[in-house]
């Protein structure tokens, strides 16, 4: 079967899978960012209980495998009365895992904001919350944006695992096509190329755009 | 089923899981060994004056780094037979995971090599050292300490990615836990134990790597 | 096609210079840094190169150390071509092996010392003799210790560079270069990165070298007083050419060219 014929036949299914992958990606990214900010701030907090929760969360999710976490959430969590449909279990697991890594980026970036900025905000007698929101976070955001670009690529790659709990993403579709046609090079190869395009030609430029836009906006105001 | 932890079941399955842990460690070790060597090849290839070679290696590394490992594992496992070459799960798994981490490590090496000041190369030239001696005795010893943190992270990383090998039937921890789960219709204990085993290995390892980093730095007389 | 093909394969006759730049041109892209430079340095001569920054003076040393390739002309060392090699009765660009053999004649000290940070002072000095010259360790050690003694660093021989001051590092770097027994020594702004109070300890070592060794030396420096004291000849570079050269007393005492006068008075005002 020629490559052209292969794409004509299975293109629509690969495209369906790609859409599911993109959905999983966006939802997982939202979860990851929310957890990263919360856990990152908590880890910097002086409150030992908050700090402890963040440290335990981060160490557990970074110390074990995404696949283990995914299976645990999908197969074991229902025993505790929390049953997630596979679609939600998929992006939640990916988001919670990458959120733990993101938390370290948030913490690192906040600590990388120069001491003088904290002191200047203090000298203006800003409240701690206001200081964090108005002075520190905007600067930390610019510092951590480049490593977040890499993390989001890892997150996109991580979403491929949701196929293993039968979410019908790109990975799942290519596996199905392979199982019915035995055209392994074509089916897996096409999926690899699509992941590559998503990562290199959509995600990476988007992050770069975001960075320049934010930088420009911050420098203007 | 419901949620109640069964200790008798735990003790019953633990030996099997610990056995599989050895396979997991072997997979991580072999994969990392491949990645260490292949990564260096990729990094050095990008420093040669042959533009065709540097560009194609650069692009290949970028491709492998930006696509999912689990898909690459399937690719290597299934493409072999299509081409008339049957690879065992272990062999194709090691190729896939080794190649994937080689692409990460080549970036770590590259960063380390680029961190060595230009003056060090010039001093080596002025002392008339050969290219081999320059790399082996001057550049790599200096590129190593800044690369160690990244190399250590990826050692833990490859260990945590070995469960993906279960998808092609490599009998490591995750695969064994899946089997136990489906044989007994109980997933709570096997999956939780697998998580604990990972935690108990990766956390101390990460700590040991930090210590090792400090030791190497001191050994090389840097700080 | 290559104009250098017809250059002499070897310099012969009475006064063969230790170093000869013959119509040497260096370009960085569209920028010509050195334009048909001709410069001879006799055996045992100490030549200082001075001039404003960007005049190409450091490039002269870097080309001689083969850290830069040249775009025209030929450099000869000890009568033999350095940048080129004879092949079939003509000169062709030198291959890496030939370059490596010829480079053994030359030693260099850098502005930022460039000591190997993972080796002690002694190991820095022994590295070349052991790895390149193939000396037995004991002999290399004896030679290195003797040189460290001469530069006054013998009591710090087991220290790593990070534990040494700039002046101390530069003295080790001088010993390291000398340990290779070069015929030509190059000093590239060796005091520019030093704190004022330690410049003396490095210049004193160079003075000692001039007095005791019959080494050919080329030195780029911003220290006019030092250059005047120890040089046999001073070359003033301006915009990629030698604007004026001569014995130090003549060049500093009675400069002929307007640009030299301007430069020297500017330096005097600044200092």
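Every chain is named by a letter (A, B and C) in the order it is written, and numbering of its residues begins at 1.
Here, contacts are C-beta pairs under 8 Å (C-beta built on N, C-alpha and C of every residue); 3 or more make two chains touch, one makes a residue touch a chain.
Note that the coordinates shown come from a computational prediction; the quantities given were computed from them, not determined experimentally.
Student: Once every inter-chain C-beta contact is counted, which two chains account for the most?
Tutor: Top-ranked chain pair by contact count is A-B.
Student: By C-alpha centroids, what is the most central chain here?
Tutor: Taking the mean of C-alpha atoms per chain, the most central one is B.
Student: How many angstrom between the C-alpha centroids of chain C and chain A?
Tutor: The separation of the two C-alpha centroids amounts to 55 Å.
Student: Report the inter-chain centroid distance for chain B and chain C in whole angstrom, where each centroid is the mean of the CA atoms.
Tutor: Chain B and chain C have C-alpha centres separated by 47 Å.
Student: In angstrom, rounded to a whole number, how far apart do the mean CA points of chain A and chain B lie?
Tutor: That gives a centre separation of 21 Å.
Student: Give me the residues of chain B that touch two or more other chains.
Tutor: none
Student: Provide the list of chain A residues touching at least two other chains, using ranges where the numbers run on.
Tutor: Not one residue in chain A touches at least two other chains.
Student: Looking at the complex, which residues from chain C come into contact with chain B?
Tutor: It is residues 65-67, 100, 103-104, 106-108, 110, 112, 114-120, 127-128, 131-132, 160, 162, 176-177, 180 of chain C that touch chain B.
Student: In their complex, what parts of chain B are in touch with chain A?
Tutor: 1-3, 62-63, 65-72, 74-75, 78-79, 81-83, 160-164, 166-167, 174, 177-178, 181, 187-188, 191-192, 194-195, 198-199, 202-203, 206
Student: Can you tell me which positions in chain A touch chain B when the two form their complex?
Tutor: 59-60, 63-69, 71-72, 75-76, 79-81, 153, 156-161, 163-164, 171, 174-175, 178, 182-185, 188-189, 191-192, 195-196, 199-200
Student: Contact residues on chain B for chain C in the complex?
Tutor: 117, 119-120, 122-123, 125-130, 133, 137-138, 141-142, 220-223
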